[in-house]
Amino acid sequence: MSDTISFVLFSGTDDKLQAAAVMTAGAAALGKRVNIFLQYWALDAFRRDRIDADHGLSPEAGPAGRAAVDALRAAGQASWKETLGQAKELGDVDIQACSLSMDLLHLEESDLDPIVDGVEGVTAFFLAAEDGEVVFI
Amino acid sequence: MSDTISFVLFSGTDDKLQAAAVMTAGAAALGKRVNIFLQYWALDAFRRDRIDADHGLSPEAGPAGRAAVDALRAAGQASWKETLGQAKELGDVDIQACSLSMDLLHLEESDLDPIVDGVEGVTAFFLAAEDGEVVFI
Amino acid sequence: MSDTISFVLFSGTDDKLQAAAVMTAGAAALGKRVNIFLQYWALDAFRRDRIDADHGLSPEAGPAGRAAVDALRAAGQASWKETLGQAKELGDVDIQACSLSMDLLHLEESDLDPIVDGVEGVTAFFLAAEDGEVVFI
């Protein structure tokens, strides 16, 4: 098992962010270093003023999928933000915003939720990824 | 070339599942061990009572894409289920359902098509992935 | 850092193709060999007669995302085709069309933009990927 795994989060829907958060927590629990790189609509979902909002689901979810996710939320399941926060407490998880996507969305670092650790370019991201897996979500 | 490649299947549309099945068959033919981990809408597509149904295409497919896929199916192209079955006969392919997604969708193991080998958590998935590639589809 | 990174491009929307192009340029700038494998709707976007067209955005982009992308384009941001062309000049970038997707879409190699270097099967793609990362977009 390599020591580092890196996730490029592109999609900003709650189902994909939840999948990413669970994989992050699992990898961190195994002692892996986890790098998260936020691009496009995923970055938008980490805005301070929107991170707790409903970000919708993938188009294919359909009404049954919607109902299933709503039922879990009503039952008190941790949100993806909470799961990521737990993973950061548990292990070595670094969350960076993609500088090009910051420009695209006209964001300043102060617009982002404090769970985001900083802003970096794609070259820095690849250097941090070392020789570990890179997963695009 | 590393010995193991692991696919996290999240999307349940026929085009992405077909892409995953073809890559699985190609990797198995090269002697790689292939781990498949079924989450969310991909897991839903592996339900025993739905696996042979039409699961739709990505929203971007459009009418021309729809027609192309329908024409191939009418011409007798193997479905993704058939391609996965051939890959399992040919090589070392293990298909596991994500336990959290099983809960989300209120599924029991008996609800799944027998092509699925079992249910596991994300930690077990990462341990099985060893130091090989992890691909999210 | 491994020497090779391989991108399987499945989606044909401008936002995902731009994300892929920027990661390609970043990896090439770091001296990595980059393999790109075009499938399904991404392959369709590389047709000679369509590569410069508007390919839309992910469904989740919404009106605000659409406006942000349009504003960048109006300001003269390089298109994903231009960014890929620059990456090819800068480093070792090879773009191959998936032979199965060529059949699906009834395409000949002459239908593709010259930025595409050739057509290959999934087995050849995995051999070229060696032991590097494989990223599905």
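A, B and C label the chains in the order they appear, each numbered from 1.
Definition applied: contacts are C-beta pairs under 8 Å (C-beta built on N, C-alpha and C of every residue); 3 or more make two chains touch, one makes a residue touch a chain.
Remember, predicted model here, so these are calculated numbers, not experimental data.
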- When the Cα trace of chain A is superposed on that of chain C, what is the rotation angle, expressed as a multiple of 5 degrees? 120
- Message: With touch defined as above, tell me whether chain B and chain C contact each other through largely the same residue numbers, more than half shared, or through different ones.
- Response: different
- chain B and chain C: spacing of chain centres that average the CA atoms, whole Å: 23
- Message: At least two partner chains per residue is the criterion; list those residues in chain B.
- Response: 59, 133, 135-136
- Enumerate the contact residues on chain B facing chain A in the complex. 8, 10-13, 39-41, 44, 56, 59, 100, 103-106, 121-123, 125-127, 129-136
- Query: Okay, in this complex, where on chain B does chain C touch?
  - Reply: 1-2, 5, 15-16, 19, 22-23, 25-27, 29-30, 32, 58-61, 65, 68-69, 72, 133, 135-137
